[in-house]
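Here come two complexes built around chain A, the first alongside chain B, the second alongside chain C.
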Partner chain A sequence: MTGEQIIFLITAGFTLGSGFMVVTTRNLVHAALWLVSTLFGVAVLYALMNANFIAVVQVVVYIGAIAILFIFAVMLTRKDLRENTPQINKNWWAGALLAALVFAGLVFLLQGWSGFSKTGSALPSDFDAVGMLGEALVSPNAYVLPFEVASVLLLAALVGAVYVAFNKK
Partner chain B sequence: MVPLSWYLILAAALFSVGLFGALVRRNAVAILLGVELMLNAVNINLVAFWRYGDVTTMTGQVFAIIVFAVAAAEVAVGLALVISVYRRRNTVVADELDMMKW
Partner chain C sequence: MNFWNDPLKIAADWMEGIFVGWGMDAVLAHVLVAFLGVFLLIAILMVVDIFLVWVERKVVARFQDRLGPNRLGPFGLIQPFADIIKLIIKEDTTPGGADKVVYNLAPILSMMSVLILWAVVPIAPVMLGVDLNVGVLFLIAAGAIGTLSIIMAGWSSNNKFALIGGFRQVAVMVAFEVPMLTMLLVPTIFASSMNMNDIIQGQGNLWYFALSPLGALIFLVAAIAELGRAPFDLAEGESELVSGFNIEYSGMKFGMFYAGELLHAMTFGGIWAILFFGGYRFFGLEQVSPFLAIPIFLFKALIGYWIIMWVRYTMMRIRIDQMLVFNWVFLTPLSFVLLMVTALMNALLKDASLWIYGLGMFLSNVVVGWIALEIARSVSRKQRESVEGPKNLAEAPH
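Coming up: the complex of A and B.
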């Protein structure tokens, strides 16, 4: 077992454990903080896959913006966090069964796929993934149209979020 | 080098955990937390397929960036809805929001 595999196993256990705490913790502030640690684990996985830019964006956008937004939302609705009411609904066993079935089905489907146990080759030493990603995002032959559509989507979400949450009184 | 299968199985497990959270939680904010876990599992898959396929084609990473943008938009609008509902109905429990049911 190589060092990279050991790092992967530690990170995967940390990520899955934190993810499990996100969905089971009673206190929602703690659940949001567990989400932060899950997102950190995923960022480490991106770095392990040599996707440096994605790892940085994960920390800046997900942890820096989305997780903080969640903590704000939890605090703005804090009165509803009564500790003595159940946090999961009565049919939780059906949800657990469905989640287990989805996992088993995914693993079963993947195992039949020929590229399942593919191992990657090391990147060439002068490989510039960030530069190639930047060129792909603005090149007319590649992904400039989805990039521009994403900016329109973000503007629409910004206006919509302000309109929906605005206190008209 | 870690085999591709490890990443795919981890992503499937994380997706299932997020699905469980989105299905069984009563608090609307906690449901959105489960959706975030599912989106992250999808992103792990996208980046893994970029890394283990042809690395000179950036499609996987570009898709991951688009998923980031969509996730940010989803969280902003979703939490705005939760806060707006909390102002009007004084609850964020999903079972109690049934005024569109009948």
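Coming up: the complex of A and C.
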């Protein structure tokens, strides 16, 4: 086992464990904090794949903005931070079955893929991932249209949120 | 390559050679040496931090026309060590009803969010932790951990003042992250790289402060807000919240917050120097030896730190609503406009000579700043008139 595999296994276990705690802990703020550690684990996985930009953006957006927003929402809207309702309902077996099926299907699909058992080749030292990503986002041959559509969607959501929250005199 | 040009690499190779000579695996030795390097950097930073306590107390004393610590040792230099002994032997209290794990984790995360910044700070041309191609964004990511530590401290203390302080601080930090991130993109445009070292290398001819003085100013304001120092220290607000988010912490846990804040201030001074004042560059002296580059960088960082202290001990605390209006209505739109103007000017003047490029950038900054101030002035005049009624300018003041 290489060092990278060991780090991957530790990170994956940490992420899964944190994710499990998110849905099982009774305290909502603790759930939000476990969510932060889950998201951090995902960021580490990105960093392991040499996707520095995505890893850093994961921390900035998910931990810096979304998790903080969750914590705020939980703190400001709930009087009692403990959840006393049952955590599973009677459809739990359907959910478990679906999850198992999706996992099995993904494993089945990936096993047919030739790159499944290959180790990744080392990137050349002058590989400019950030530059390539930036160019792909604004290049008409690549992702300029989805990028712009997503921007317009976010802007519309922003304007809508401001309109809903705006206090008409 | 000899010791004077790249001391860290030479030392690391030497250590690795010793470890391998003891029969250790080469990869393991490499990892161990890397860990030792991190340990060494953190140890040095913590020692610097001890002296920052002294610097802070001495400087605030001068601003307030006092002497500051002067009993222990020459110029009171031993005072911070006495403070540390006091902090360590103080009773470590945990408030009743506190969330123990979160409560104890918060000061550690607070300190960590500062120390982790140094992973991407180039202290000298060859001395930096990680040559990260998104170094600039990394600063914001580390800030996110700092925000998290404060909300954790505020919530887990089970104290309403701590919670209010935490809320306020997070409101400030989340708000001022926007102009800060926007202003981080200005040096990125000039250097066409997000790498800290590339940004310093790009300032060979001209500091980016000369190209974008307004950008440097907005970054400084956002950095002070991010630090939670006056005039943005409403999270601590002694007169209303006693001590804000760290009210329940005692002993070294409080010390972690306090020392973290001081080191954070100096770190932001250093980052300000890197982004806008050429970092370790000073008339080619940094090429001579890293041993010259480190003092240059430290000197610039301390000047930035001194300016942050200067602002802190001169300005009054502002209210939360004023702070939010100042950020969302004035600073954020201004930084967006400045970013767009900078990008546009960069595209227009890319092929021009350095003089025309620099002059164009500088003038566009001046124009943007002037227009923003004029708009702010006319808006505030209208607000004043709506409250006080129109002022008769012809009337002489009483």
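Just so we're on the same page, the second predicted complex is superposed on the first by the 152 of 169 C-alpha atoms of A that agree within 3 Å, B and C clash if a C-alpha of one lies under 4 Å from a C-alpha of the other, contacts with A are read in each partner's own complex, and residues count from 1 in each chain.
Everything below uses one rule, namely that contacts are C-beta pairs under 8 Å (C-beta built on N, C-alpha and C of every residue); 3 or more make two chains touch, one makes a residue touch a chain.
All values reported here derive from a predicted model rather than from experimental measurement.
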*Taking the superposition as given, does A:Ala65 touch the first partner, chain B, the second, chain C, both, or neither?*
both
*Comparing chain C with chain B, which touches more residues belonging to chain A?*
B
_Once chain A of both complexes is superposed, is A:Pro146 in touch with chain B (first), chain C (second), both, or neither?_
first
_Taking the superposition on A as described, I'd like to know which of chain B and chain C A:Leu16 touches: first, second, both or neither._
first
*asked:* Looking at A:Val56 after the superposition, I want to know if it touches chain B, chain C, both of them or none. Which is it: first, second, both, neither?
replied: second
*asked:* Looking at A:Ala165, would you say it contacts chain B, chain C, both, or neither? Reply first, second, both or neither.
replied: first
*Just which bits of chain A does chain B share with chain C as contact spots?*
53, 57, 65, 72, 129
*Which chain A residues qualify as touching chain C in the complex?*
3, 29-30, 33, 36, 52-53, 56-57, 59-60, 63-65, 67-68, 71-72, 75, 128-130
*Where on chain B is chain A touching in the complex?*
1-10, 12-21, 23-27, 29-30, 32-34, 36-37, 40, 43-44, 47-48, 50-52, 55-56, 58-59, 61-62, 64-66, 68-77, 79-84, 86-87, 90-93, 95
*What residues of chain A sit close enough to touch chain B in their complex?*
2, 4-5, 8, 12, 15-16, 19-20, 22-23, 28, 31-32, 35, 38-39, 42, 45-46, 48-51, 53-54, 57-58, 61-62, 65-66, 69-70, 72-74, 76-77, 79-81, 86-89, 91-92, 94-96, 98-100, 102-103, 106-107, 110, 115-123, 127, 129, 132-133, 136-137, 142-143, 146, 150, 153-154, 156-158, 160-162, 164-165, 167
*Would you pull the chain C residues touching chain A in the complex into a rising list?*
27, 31, 99, 102, 132-134, 137-138, 140-141, 143-145, 147-148, 151-152, 155, 163, 167, 170, 174, 177, 194
